[in-house]
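Heads up, the next two complexes both have chain A, just with different partners, chain B and then chain C.
Then we have the complex of A and B:
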């Protein structure tokens, strides 16, 4: 187990390192941040001062080594735009994104699992067909369009929910969360639904496919033959066995929601990390882009690890030492 | 001033269309609070950290300048009640008595001296305000309410420059870093609003400064939100979640004008959209994106011939662009500044649309068959930028100059334009209300030592114009200076140094119960908003 964890950790370091190098060179290739940040009427002297102030006067390899040396001490640089540590900027906005991503994922499980189970157990009923047809919509409608439609219907037309923004927050564990207040929940509902539509569809389809496959297995037939209650057959024998693919996919989806819920965050003016990263890319705020992607890489590695550990809980046949990769 | 961000037109159009199909939403809470949403994020509350319009707008709410500007960018007394040049190289400012900062500290000449000394020394600033105080060589405090600024050479533009500098309190701000302003701790000025809370990239909460020396704002509290998505901002206004928005997308204009719940406020701005041409390559050299119709190099640079430049300008139907592409939210232009602004040239009207004449001029210049060119443009910077470039491309093609349009993201575009990689490019310029500002940045010969031509990306060079600009920059007599600047602009535009297209209209939208004084400098400030029934200022 510990050998396995150690190997995972080393991999993580290598990936983070490679990623920082790629992003550094990539941002350099796109353009010059000073050209974008500087006031158009700045003269040549002022431009040179700004280039030097942001450390962009050094050759690229030197800039990279300065960055590496500081990163070793936990300093990922200061944002060109905000003049604040990049890491702190990102962490400040993380709670907003996290609560949205978890809200969406929980919603996906609560809605997706029962619907998928039903569709799998009664594949030919009209309701099942409707669920499956609905899930196709969930897959194929573009997020920004659904988001705008939600705003139009529930905020502009019906006036039930606030159109954009994050509601009032309350402190928990030193961070600001909005799901703790009623008003905050109201603000969160639409963006969370918007993010979860795709995931609900995914969970429905995975669950249904799993159920259809498992229901034909010998152990399910045997359980039925033993005379167990249908609820127990479904709840234990079927359900537990379909969870492995669901956990994998939901885990990865959670990761990508946290990292890349850019569209939803900007349509709903949700002050999370996704909005920060897209704004930073627009102005080539390199310290923030690099720090953000490094955090995301670490997060994905952690989620993969958690998914693997969950396997071993769900399926005793899985041995982590044996997998190794 | 900095750029307005571009609008996602099609999405916004759909959103507004749908929004208008439905009935009215609940009326927002009126009375004492105002909720507004702006389209570009405020990056810092430090008034000297980043020279950027959204930051300047918020700085105007918290701080004051020695000389403030009215909605037409004319100088009006701020923390200075009166200023004059006592000698050609000495400006004297008499300061407003009895002004206090939000924390109760009195405002004196010491604070001005402290501010002037801080401005060029803000660490890590990506775009500083240093250039505005650079002419100052010495500061002399005559008495607590009188200060003299000494310059090396006559500096007629110093008062204009100082309209960009917000005044700090020595006691509060000594040693304060940009982060202290952002946290709200050091966001303490003499302005009409005090900061209650700042959530970076999301919103700023303000409260009225009841001790303000000037006109009292109409609202007790203001929530200043940032909603960068155009469709979402319009929707928030229609839903009544916010009562006031800026940067109204042109595609939503027609529908918003028809909406009973909403009213618009507009004013001709100071931002010119224009085409820059390659003046760098000599007449006998190839310009990078100009070829003959078979794609072979021409062996010469047609853009160096004034007849070709004039033909390209005459080929453009500016009326069609402002009416169809811009939906009326722009005015055709023949120069940098709109009517009514200092050093506007009355006789420089927008060039007449004349494709026949353009063809004749091309033939005269030795291009009866025309040539091929690529017009480069950003697609995410100015209002409808890529679509304007498309329209120009079609108009040029009609006179035989077969034009390919290449629109790209601003980050890539501006780097390439700065390296003179283009033959023709579309770009914008937000002027200060003074002709020397665009002239010395865009038209003057590129010269690092003098700080001239920093945005002269086509590398136009005309010694006569340069001499006039130099002359204007030290001319203390306002009337004489205006005449010199008009002469310089006349020369530059007769020589078609750049091809002007149009000046943008700045547009805000608000719920019916509000009224707004629109500003030509694009700044969105809460003190310019008031209840509609109150008497207009």
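Then we have the complex of A and C:
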């Protein structure tokens, strides 16, 4: 088990390294931040001083090694724009994005699993057909449009929910969270619904497919032949088997929600990481982009690891061991 | 509650049909038999002859589009076809148990053996978890699983196929059922394990008075185990009688063909005899005897539906042209 974890850790380091190189070169190739950052009326001397201050006068490979050397010490560089450490900039906005993403994922599970179970167990009932039709809408309606509609109906017309910002926050573990205050929850509700719509549909479809497949297995029939109550057959025998694919997909979905909930954050002016990265890309703020993507890579690796560990809990046939030598 | 003379199970004119888009599949069509207390009935036939569906009909687990259309299933005098789902659930795994064909598939791969056994105990008995666990352990010991206490903690994939089938049998025995339906339980096992399991099941049935329906396509298994045999073909029982007599002097041409196709020491070197043709599709079965097209003795009379009739004392068959001469010869 510890060998397994060590191997995963080494893999993670390698991936982060490769990622930093690709992003570094990639952002360099896109354009010159100098053109955006330095005012056009600046004279030659000022320009050169600014370029030197940002470290952009060195050749690319040297810039990269400077970056790498500092990164080893936990310094991912200072934002060109905010002149603040990129890492701090990102971490400041991370709680907002995290709570939104987790809120959306939890909502997807709470709503998606029961609906998917129902649709799988009674595939021909009108309600199941309605659920499946609804899930197609959830898949295909564009996020920004749904977000705007939510705002129009619940914020503008009905006036029930606030449409922008995080609302008041409360501190927990040194970070500011919205979900700890009632007002904050009210602020979170609409963006979370907006983000979770796609995920709910996904969970419904996965669950339904899993149920349809599992229900035909001999062990389900045997469980019924043992005289178990239907609730136990479905709740234990079927449910535990369908959780495996659901956990996989929901884990990956959670990762991409954290990383790329840009649209929702923009629509609801949610001060999260998504908005930061879009702004940074616009001004070619390389340290922030690189740091952000490295954090995202680390996060995906962590989520994958958690998913793998969850497998071994859910399915006893999966054993986490280093294979081969 | 019923007298000693009344059989554990009496099936009368059972019909189980599947209503598919292509048409009605008469998987079980007018099947009748009885199983007395402590006796073993061997239900024999090819794949698709309706023997498994018969078993599932009795235990009430025929899934849509299938359904028991008519007939009576009298279990200790109660008609199971009239019971509510909850009454049926209470009988399943309790008074009537079932063992399935493939031991690799019958145990839930993600649940521990103790979970799967204890839940069965608790589904029918108001006992503590500890008591339920005790019973589970005893049942495992009874079917010959070494160190049952430790094995309770194992997952199914940690057992071999034979051991898994023993676990499945132990689960079936938890409540000392009055009837066990075994659906080809030894088909997936190798021959030595098969022998052990057969011997144990036979012993259990004899000591506890449990009636047994043993569904199989393997005549040699039935020969050593069953008291009575019922041969199914295309959803109907075509021949029924005491096992030794049926195997020695089969009356129905299908039974003759079935026995002839079993490899035997007495006919070493001869090619195996086959039954020509294929099992007919149960969809749109032509009228008359279903075996007609493959039968060497069929004639014009077989265009009508042969009724089940007693041809010899204690021997019934559904045939207009039975092998009575051979029976008479050996009898003389």
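Everything below uses one rule, namely that the second predicted complex is superposed on the first by the 321 of 325 C-alpha atoms of A that agree within 3 Å, B and C clash if a C-alpha of one lies under 4 Å from a C-alpha of the other, contacts with A are read in each partner's own complex, and residues count from 1 in each chain.
By definition in this document, contacts are C-beta pairs under 8 Å (C-beta built on N, C-alpha and C of every residue); 3 or more make two chains touch, one makes a residue touch a chain.
Only a predicted model underlies this, so the values are computations on that prediction, with no experimental measurement involved.
Novice: Would you mind checking whether chain B and chain C clash or fit side by side on chain A after the superposition?
Specialist: The answer is fit.
Novice: Decide which partner touches more residues of chain A, taking chain B and chain C as the two options.
Specialist: Between chain B and chain C, the winner on chain A residue contacts is B.
Novice: May I ask you to decide whether A:298 touches chain B, chain C, both, or neither, giving the answer as first, second, both or neither?
Specialist: Touch status of A:298: no partner.
Novice: Touch check for A:219: first (chain B), second (chain C), both, or neither?
Specialist: In the superposition, A:219 contacts chain C only.
Novice: Does chain B (first) or chain C (second) touch A:315, or do both, or does neither?
Specialist: So A:315 only meets chain C here.
Novice: Quick check on the superposed pair: does A:155 touch chain B, chain C, both, or neither? Answer first, second, both or neither.
Specialist: first
Novice: Counting only touches as set out at the top, which of chain B and chain C does A:236 meet: first, second, both, neither?
Specialist: second
Novice: Counting only touches as set out at the top, which of chain B and chain C does A:93 meet: first, second, both, neither?
Specialist: A:93: touches chain B, not chain C.
Novice: On the A-aligned overlay, A:227 touches which partner chain: chain B = first, chain C = second, or both, or neither?
Specialist: second
Novice: Could you look at A:34 and tell me whether it touches chain B, chain C, both or neither (first, second, both, neither)?
Specialist: Only chain B is touched by A:34; chain C is not.
Novice: Please give the least Cα distance, whole angstrom, that chain B and chain C reach in the superposed model.
Specialist: Nearest C-alpha atoms of the two chains are 48 Å apart.
Novice: Residues of chain A that sit at the chain B interface in one complex and at the chain C interface in the other, please.
Specialist: none
Novice: Can you name the residues of chain A that touch chain C in the complex?
Specialist: 217-219, 221-229, 232, 236-237, 240-241, 314-317
Novice: Looking at the complex, which residues from chain A come into contact with chain B?
Specialist: It is residues 30-47, 49-50, 53-54, 78, 80-84, 89, 92-93, 144, 148-149, 151-152, 155-157, 159, 162-166, 266-269, 271, 275-276, 279, 282-284 of chain A that touch chain B.
Novice: Report the residues of chain C in contact with chain A in the complex, numbered from low to high.
Specialist: 59, 61, 89-94, 97-98, 100-102, 105-112, 119-120, 123-124, 155, 157, 168, 171
Novice: Could you list, by residue number, the parts of chain B that touch chain A in their complex?
Specialist: Interface residues on the chain B side: 1-3, 11, 14-15, 18-19, 22-23, 25-26, 37, 41, 43-44, 46, 49-52, 123-128, 130-131, 178-179, 182, 199-203, 225-229, 231-233, 235-236, 238-241, 380, 410-412, 414-415, 418, 429-430, 432, 437, 441, 448, 451-452, 454-455.
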